[in-house]
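Each of the next two complexes has subunit A plus one more chain, namely subunit B in the first and subunit C in the second.
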Partner chain A sequence: MQAKELKCKIAGIGAWGSYFDSWEALQQLLGGEPLPETSNKGPKPTIIPANERRRAPLPVRLAVESSWQATQSAGIEPSALTCVFVSGLGDTDLTDYMCKTLASEHKELSPTKFHNSVHNAPAGYWTISTGTMSAANSVAGYEESVSLTLLEAMIQCSTEHKPMLITFYDSPVAEVLRPILNNQETFAFSLVILPYNSETDGTTVEAQVAENDHASWPMLQSQSEYIGRLYSDNPSAKVLCLAELIAKSSGEQSVVMPLSKGSTMTITCT
Partner chain B sequence: MATQTESELKMAHLMVEVLNLEDMEANEIDPEEQLFGDGLGLDSIDALEISLAISKEYGVQIKAEDEGTREAFATLRSLTAFVEKNK
Partner chain C sequence: MKIDIIDYESCSAAGLNLKALRNSLKQYNSGLIKNNLPGSDLDTWIGLVEQVDEVNDLGRWQSRNNALAALGYEQGSLRETVTGLIKKYGAARVGLVMGSSTSSIDRTETAYTKLDQAAQLTEEFKQPLVHNPHAPSLFVAHLTGITGPSLTINTACSSSAKVFASGARWLEAGIVDAVLVGGVDTLCLSVLHGFNSLQLLSPNPCKPFDQHRDGINLGEASGFSILQRAGENINSSGICLTGYGESSDAYHMSHPHPDGLGARLSMTQALERANRHAAEIDYINLHGTSSRANDLIEGKLISELFPSSTQCSSTKAWMGHTLGAAGITEAIIAMDTLNTNIIPGSKNLDTLDEALSLSIKASDEHKVCQHVMTNSFGFGGNNCTLLFSRSE
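Then we have the complex of A and B:
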């Protein structure tokens, strides 16, 4: 089986983690620069109105900050972008809170936490903050979140001929859920992609889906312990294997990602 | 700014915590300043959060339809007095 070829161009990138607050800073870490001495506390995206920002949990602030950076670097109005947001398991702190509260004697839920507990909360904060009326999809794909979302966004971009915002975000997992996902790292990454025929100089990405029974995530080139931990533990940070190719931008390079138990997706950058 | 009483400071701490008020310390809330609108700038979701927190912390139920609820939510001082009276 060989799926239809999908081609897009990358017009903008955003990134945020405990030791980087921009794509430029992440590229330095990928290139072997040492970690800064102090870690970041958490983004405070000023695009979210103050009253909403103080209610926004970390996953929302990560997603909005990274998305904003990507749209700014692309020079595209957020309202022009159809969006896909993805997180491996969503906001597990709130999942834990909801379950604990509903299982307790006093079942009254915080309206804010209830409101934030839906999986498309980051998409909601983003579209409200930017006044975006475009469609915003929200994906949860556990360990395959990155490949599934790239495929989803590239299909939309290619078939609808629309510019897209893709945002990957995952925050540390609540202790009770660590037996199924032991992530203690914070990571967000965004891409603005355009249809292949757009007049822009950005990196071209091409996706091909194929049957493959023994797929696993490829090794990173980076030797950084921190980058390695992000990549192995944080579902959204699986996009680092693509980020490395974009950062290098030398000739044609490919990376093969697992897409499901029986399939892979090859992304080729030129 | 008017001086906070001990019970007003305790209530202010509860509000700062449950509302995650940015860049504001509990002892900076003027007990006579309006909580909503032009004062502290709280809104209806904040009122629900405060009601829930007061119910859990003090066992006092504040119902939207009750007479006196609007007056109780006017300031930190009136809210603290309402809770002290009803707990």
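Then we have the complex of A and C:
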């Protein structure tokens, strides 16, 4: 069977990292502006109730902040969106906490830290904070987290005709695991996408899957050392190759992403 | 929506494969034993797959979770079926969706007990492809030779139910011609001591829906199913995935919604997608963890939504709650009733919870079913319902 057309419209974008706190600020960095002198400490999304926010781990706060920005810029009620959240590495601070505790004599875990350790904690906090009762998926794809998640969400948007929220997030890796999972950067990015026939002015994105067993992530146009480090180390920041296309928004442009060992996905923006 | 189930296999404490599972269900043999997991002295019962320890030749892929996935994949005709599909369509036209909650954290736990004097990972445990949440799919892609899109779903205890929904969508979108969906989770200290911290473990064999139930037993399992678009493979199992529902509770990270609103949504969505009425559902394999809260809320909801002609059971007293593998384990038990014509009983049920009124009993029942359902609910309020039907 021939693949169906996977075409959607981007209605809203959110972004958060150590040197940007919005999509506008990220676009300035992608456009060559110098880094701000001081870095951001960590997002404090007010949508999470204060007592929960204090205990919410960084990946949760990153994902919720970026998701909130995207829904605000799309002007869409968060609860109307079906969600796919992705992190390539998960919450390694909590993995580290649990494994250290369990390797010690007293194996008593904090119940809050335990339930926060599930990979879908950000999706859980998001749906609880916004009253979203639609499906909230939480996936992982290691180095291909971005392409796999875009595919999953664009298929759901096209085949089930659902407006979707896609959130990519990864935070710095705990010290013990750093030699094998080498990410020191904080990054979150969100897209609100709508079925192609929706009445909105946003950029159109189309995905096409092809067989190809020799693919690597494309070079970024940005010359920034910081952006380059994000892109190479943080699995979720692989979305920057798409972000650059959206930021330019001039005519039809494509980017080819590795999808799996034997396939690639081309995203075309118009 | 119509997706054919081409093949399926299950591996748990209740049976190394589907054949052994059918036998355990028939003989009322539970796989639950007193907790003897090394390093854990918790007073509870577990569903351990003893043969996992024999799978120790995975090299850089070694973890208990990967070993259980490998053991499960060797059962029945799975390997033969997948190899045939790869030959027919090409490895890149076969997709893979795995569900797991622990991924390979068992290996990370072990690595932390063997750090060197500088508190660094030792050489044996420097396994980037194992210590990450995508590990189950990375490994199963390696194991099977599948090179098409391979995704891991980690939504706690609904993970490997949701793999069917994603697999079905991938097929409908035409990006692949077949999808291997699976689930795998292994017993480890994180889950035992984690659930213990939430005071959810029972010191006794679990008794889902019983008036005197006092908590859950954890287990480990792997399971696989192969999906294709309806009619494209003459060697189908005679079972179709006809509906699925996915929803969120929007209530609490670890407590189900008190009125089961999210669970209601996922069940009604599955019925709508399959274009079926509640009265047409012959059997529901319930999430039925044996926790006080889940069984009360799920049980009440079932009697609100379904007539008494819909038979129900929880099969968790056979292999325990296998977390991220529970979705596919119970999907397989539910769909297999369409082949065996035997509805499994709700083992260890003596006295139904006084607050509940639903068609559930301890003994099995011979019944030719047409449509069956299964529920899976996870932390974060993540719900999934699957509906399977006999092929027409």
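As a convention for this text, the second predicted complex is superposed on the first by the 267 of 270 C-alpha atoms of A that agree within 3 Å, B and C clash if a C-alpha of one lies under 4 Å from a C-alpha of the other, contacts with A are read in each partner's own complex, and residues count from 1 in each chain.
Following the convention adopted for this analysis, a residue touches a chain if its C-beta (ideal position, glycine included) is under 8 Å from a C-beta of that chain, and two chains touch if they have at least 3 such contacts.
Every value quoted in this text rests on a predicted model; they were computed, and no experiment measured them.
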| item | value |
| --- | --- |
| Which superposed partner A:186 touches (first subunit B, second subunit C, both, neither) | neither |
| Contacts of A:27 with subunit B and subunit C, given as first, second, both or neither | neither |
| First, second, both or neither for A:66, with subunit B first and subunit C second | neither |
| Partner chain(s) touched by A:171 [first = subunit B, second = subunit C, both, neither] | neither |
| First, second, both or neither for A:262, with subunit B first and subunit C second | second |
| Most subunit A residues touched (candidates subunit B, subunit C) | C |
| Which superposed partner A:51 touches (first subunit B, second subunit C, both, neither) | first |
| Touched partner set for A:203, first subunit B, second subunit C, both or neither | neither |
| Which superposed partner A:110 touches (first subunit B, second subunit C, both, neither) | both |
| Subunit A residues contacted in one complex by subunit B, in the other by subunit C | 108, 110-111, 115 |
| In the complex, subunit A residues that touch subunit C | 1-4, 6, 79, 87-90, 95, 98-103, 107-111, 114-121, 123-125, 127-128, 130-142, 145, 148, 151-152, 155-156, 158-160, 176-177, 179-181, 209, 211, 213, 259-263 |
| Interface residues, subunit B side, partner subunit A - complex | 18-22, 41, 43, 45, 48-49, 52, 55-56 |
| In the complex with subunit B, residue positions of subunit A that touch it | 44, 50-51, 53-55, 106, 108, 110-112, 115 |
| Subunit C - residues contacting subunit A, complex | 39-40, 90-93, 101, 103, 105, 108-109, 111-113, 115, 119-121, 126-129, 131-134, 137-138, 141, 147-156, 162, 166, 169-170, 172-175, 177, 189-190, 193-198, 229, 246-254, 261-262, 265, 378-382 |
